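Several structures are given next for inspection.
Next come two complexes built around chain A: one with chain B, the other with chain C.
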Partner chain A sequence: MIKIIIIFATFIYLPLSVALEPLAEEEMQQVQGQGGVYLSGDITINDTGGPLNNTADTSNPAIWQKNCTTISTDVRCGARIAVNAGDGSNSGWLVLDNIRGRFSFEGLTLTTRTIDSGFDGDGATFNNDVLEIGLPNTVSYGDVSYTLANSSQARPTDAGFQQTDIFSVNINGDVSLRGNLLLFPTGNP
Partner chain B sequence: MILKNTLITYLLLFFNLFSFADLVTLEDDELGNVDGEGVGIVLEDFVYNAGESINGGGTFEISGLQTSNNEDVVLGISQFYIAGSGSNQGANVIDNPVNIGRLNNPFNLELRDGNDIGVTDKAVFEFSAPTKLNGSRITERPDLGIRFDLEIAGTHHQSLENHIETLSIDGSYLRLWGGSGHMEGELALNIYTPSIEFFACDAAGNNCGASVDFQNVSIEAGLGQGEFQPVTFEVDATGNFIFDVGSLEGKCSSINGSGGCNAGAERDVLVNYYNSGPATNIFIGNVQVGGQSFGSTTVDNLQIQYLEVKSHDL
Partner chain C sequence: MKNIKLILCALGFFVSLSAYSLEQLSDSSLSRVQGQAGLTVEQSQLINIGNLSYTDDGNSVNVEGLRFSSQTDPNATASRTYTFDVLEDGGLKIKTDIKPTQMHIDGIRINNSGASFGDLTLNYEAITDFTIRGMSTGGLEGNFTTGISNAELIWNTNGYAMSFDNIGYNASIDNFTLEYDVTDNTKGFLRTGLALGMDNFNFSFSTGALSLGGVSLGELAGNLALSANAQIFAGGRLGDEGLTFHSQVNILADPANEVRFTDEGNSLLMGDFSGALNLTNLTFDVESDHLAIGFDQMDGSFNAGRILIGDSLRPVGSIELDFLLNDDSVNNRYNRLQLYPGIRQPDFNAMPTEIKSYAQSFYAGLGPASEGLSMTTQWNLANAELSYIDDNRRVVISGIESYGSANTTIDVRDKKIAIGVSDLVGSYSIDGLRVGSKTAPIQGGAELLLSLEVFQAMDFDIDGFTEITAGGISGGGIRIDGDYFFNNANIGLSVDENGEGIWATGVNYDIHLRDITFDVESDGLKINRGEQWSTMDIANLRWGSKTSGRSLGRVKLERFEQNSSLAVIPGGAGQVCVGATGSTEAACGSAGGRWEDRGEQGMTVSLKAAFANAGLTTDGSATARNRLTWENNRNETSPGSGEYVNGTGTQIIFDNYSTNDGLGTTDSNDYGLQANLNIDVYETKVLKKSTDALGDLGDELIYDDASRTDFTYVTSPSPAQKELRPLGFAVQGNVSFKELNIGAVQLKHPNSVAQTVFYGVVMQNLDLTTNLTATPIQ
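After this line comes the complex of A and B, so read on.
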């Protein structure tokens, strides 16, 4: 077993050693000793349904049913976020409902950076460190949808459930999102 | 290995406990130390571009509306963009980035001492745009716009466009705090732009009609004043939303014979509110419709003293 590992390690090592070349002066100047994180992500939410849907079927506990196939006429099959901003039992819920679909992105970066120039002269006076979140250029949406609604209850299965859908959004395709989000402390900490 | 994992799990659990232990109510003297330090936010070289016409035939739809004949109305977003100035109504977006916010005057998230802003003994969450003083320069003001198609019962009808040039919202802020069992807030919204333009085109997005162009627009809108007149957004028990700007009714407990407020502390507060409370000022330099100038419009010192907006099911 150990032999096999050593053989594999040798193979991995070979191409790397070929790539090792001395750095020229100009290239050395580019090395800034920065550390950072490069992220790619892919998340699919409630593609095949969600727990809160059909209450008509009494054979199963309603809140754990899943049925979100294309032939299903049940519209409530995505994830649901309900927020209450009012007076307890007298109030209703602001709801983000039917959250479904796939989000993916490549190349979200997370790093720190010292800014002491640029920004039309602001950089030199700023002269400080920032946390830089590099936006991924392209975010892909695969049949992403959600509905903004007002509801009388947190869950569709609660007694007296009433809901007014305000609008629904459906996105399928790429969105360009470029640039850097810079975060830094303000005031005099 | 199992032992190591278990150890790490326990350590994490303990750290969790410590962090919960740290969450305690802030005392008065501690609140006095909250002094406007927060997180600055700046977008560098930012571009946002989405929609059906730029993502190779994808979908970007808003649905849920209906005509009076109960036909479904779908708004297909052809393009929604945020880019640098000179975007030429969305034609020059990807290679035209913009910095939003300045390093020495950024967008800011912070917790403020409520006693400074009319909310007694509470911490107030504030999200603010750059201040007007030393505000955003022309290169830090984005163009944004939207083109959308009106689809009724599956048929493309019309394409509508709205473009805003070099927008600045300097001086705007949103403040939120916990009221008696619900969330309360205060809002200031400033909009400065040389042009807000609307026009309609045919179903294919061509042969656009005359535009309505609001030029040199300045809007400075203030809603609510601390606990004295809080702004609330709630959903009622029937599932309809209520947007409410607190009433001034009952702010004076000592009424004189002619219905006015007797002199005293309460009257002073009201006088101060009328003189320097939140107000809305709007100036539009010129309204141009199809190339014809309609002149300028000014709305001065409009003070919303009570507002309730409630949705109802149709």
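After this line comes the complex of A and C, so read on.
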């Protein structure tokens, strides 16, 4: 459910007004003094393939039955997202394919707080509650990869399936993320 | 001796009520009587009492058709033997041997009400040993043992029965005292009452089966050792007559204390428990149409050191509960229970339309004279503290408060128990968490309980109708069908102790469950959810106050699932490599990961959600689908009201999302969306997020001692210091699906047809694993 919280936060991130707020050192100290949740750990996608790659499950289509290990490079070992942004059956699909990798982080915080001061005087005017996502200082990427493609069908098993890969990405290393994301409703509900 | 006379007189009175048959004794029988000390009375009895009444302030409870007879023939006698011996210390020892006997009650009514509580039958045999003597200070004392075996209790309403089969019960009291010298003035005048004391009261019970229509729900058994004192006074809470009790119960710390529910040989067990219970002013009164029961205060504690779910080798951990229920006259919140004979149906016209037809169907066929039990309940939980202890690491859910009231009916139908709840109106809230000890500072983080679908706060108004049938997915077990509606509820998703945070307000939640089965299996508790459909319509998702906080708009979530399941399995994640891949501590460390051994205890929740494609429900009563709608820019009901008219704004719709086994919506849906959560309480690495006088960026927060009150930042903690890291929930989670399909993503303006943005989103072959530790922030 912690994941669901994150997914929820991600979901509400899209339609909300978001302020990326640089914090002074003394403000960042206060994160420790407030209620909320501190998250650490990692998120791994298809480390050893997905459920369609399970060769012991005979109901899986043959095209997906692959021996996926952590070092396997088979393009079917990753997750796949296909989106039809055209006009249905007459158009093709935009695909994010072979999604794999690990994200590690220490110190993602989730909390709600009231802003009624600061921000060069705007805080007093705002005087409302926000959901604060405290970014971790470092997010480590381990073999994060995906392929962007166009496809004639949604699934590799669909009749007439053809796919053209546009480019592939592989990321290793650390990304520094500091500060807080503040999420709050705005406009007419 | 005076007391012994009283007992003999009482026995004589009881005997006088009986119908006897004089049996001729043989010479050999007579010789046995001559050859023994004391007195032996062999009795064959057939007792028929047309009506036995208890009257309180002019109102009567009438027990109709009370009969003691043979079990095989209600017109035949049952036999029992009384043996009386006078002991050397002046005590009287009475041994009773009751041969198979049936006690039957045709019905229990209040003031000759049209409906009764139903009829009761108890088949039993028993051996009782009872010793009593006078006390030098006045009163009586003694000891007591009893053993009831081959017993069966049957409750029958409207021609249908529920039974507890093959009951066994053994009890003993090492020493009891009974004195008439205790006083009380809670009613504004001084009264004297009976004081009852029990030292080391041990009892055990077992039922071979709890059956409905001959099918078993499972077996129930337990052992308990306690010491108790009670004070009993004439005069209840209402009027002049009635009864008042005070009691103080101490559940003795005994590893044998346990309660066990067994289904097909697999058990849910709560054992090694201890605690205390204090009751003040527990009262019983008979009113014109109901029994009135209430108490001023009940407080106590309950500790269970051993909890098993199926697997006897893998305990889940332990729990400790401290609680206080008391009356709050300032806010008009009380602890009361009113019991009515028969089924008191709710006012259907006052019900929300979403549940009205289901309620009418639930009570169809029942009338004013239908048998059953109706209750009106009020409660006020002033405070509770619930600890969960996993491998000696403690998390306390602190400041639990709740109050409310409800109307409930219970009756037995054809192979099912029917429970109707209407106007369940109330509220609950949780202040926050304490980690490490009961006295640690209170922290935020009760949001973590969302993983168990426990919300931090809720104001609710619920109508719900449930039918419980015997038999799970295999053998015994429990099956549930039900319809529920939450009307205009407020749900706290992330709320501080002042009630500020993120609220879902004005929530109408319509839930329908079909063929939900509960089974205890060798590796855990399995819940198979045959079919369920629901609509959660959140009028406003607010930030800040639940009444005036800014609103994100309306969120509506419709769900339709078939053959989903949930399993609760003992044991958490065990050994985990966080941040890398490695099956040993050395391999994990060399790969750049952090090795965590989260112990043997903990809990695993395994969920399968099979989202069905849009269509008719199995019973054909509704068309259901999975759909998420977010709407804003609505018209205000009146300028400045802060309330908005649903359907007048702009909507974004994620329509008809469903799962399948990889070939599209026409494929099978056996895999669904699976989520496995291994939950432990474990030390968490918390890093400093800035450099200042307290420490440098990246330093670790380490508590000074096990009280986990004060902390310092440490650059490189020692192994001993790592043991003093902040505690939190450690969740190893895995989410996977073969295919998750969204039929369309649409935009809809008021008074127009929805426009499609995406004609389909197909997500396949996802296996997402997380190793997260979540710590409350002070």
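Everything that follows uses one rule, which is that the second predicted complex is superposed on the first by the 128 of 189 C-alpha atoms of A that agree within 3 Å, B and C clash if a C-alpha of one lies under 4 Å from a C-alpha of the other, contacts with A are read in each partner's own complex, and residues count from 1 in each chain.
Everything below uses one rule, namely that a residue touches a chain if its C-beta (ideal position, glycine included) is under 8 Å from a C-beta of that chain, and two chains touch if they have at least 3 such contacts.
Just so you know, these numbers come straight off a predicted model, no measurement behind them.
In the superposed model, A:Val169 lies in contact with chain B only, and not with chain C.
When the shared chain is aligned, no partner comes close enough to touch A:Ser117: not chain B, not chain C.
By the touch criterion defined above, A:Asp129 reaches chain C but does not reach chain B. Of the two partner chains placed by superposition, only chain C is touched by A:Glu106; chain B is not. Residue contacts after overlaying the shared chain place A:Ser152 against chain B, while chain C stays out of touching range.
When the two structures are aligned on the shared chain, A:Gly41 is found in touch with chain C, with no touch to chain B. A simple residue count on chain A separates chain B from chain C, and the partner touching more is C.
By the touch criterion defined above, A:Arg80 lies against chain C but remains apart from chain B after alignment on the C-alpha atoms of chain A. According to the touch criterion, the shared surface of chain A, contacted by chain B in one complex and chain C in the other, consists of residues 84-89, 91, 93, 130, 178, 184-189. Residues 1-5, 12, 15-16, 25-26, 28-29, 31-53, 59-61, 64, 70, 76, 78-89, 91, 93, 102, 104, 106-107, 109-112, 114, 128-131, 134, 137, 140, 142, 154-155, 157-158, 178, 184-189 of chain A are the ones that touch chain C when the two sit in their complex. Of all residues in chain A, those touching chain B in their complex are 84-94, 115, 119-120, 122-123, 125-126, 130, 135, 141, 147, 149-152, 162-189.
Those residues of chain B whose C-beta lies close enough to touch chain A in the complex are 35-50, 52, 54-65, 93-94, 97, 99, 102-104, 106, 108, 110, 137, 139, 181-183, 232-241, 311, 313.
Residues 432, 443-445, 447-448, 450-453, 494, 496, 500-502, 540-544, 549-554, 578-581, 630, 632-634, 644, 649, 652, 661-664, 668, 670-671, 674, 677, 684-687, 689-692, 694, 697-698, 701, 726, 728-729, 731, 733, 735-739, 756-778 of chain C are the ones that touch chain A when the two sit in their complex.
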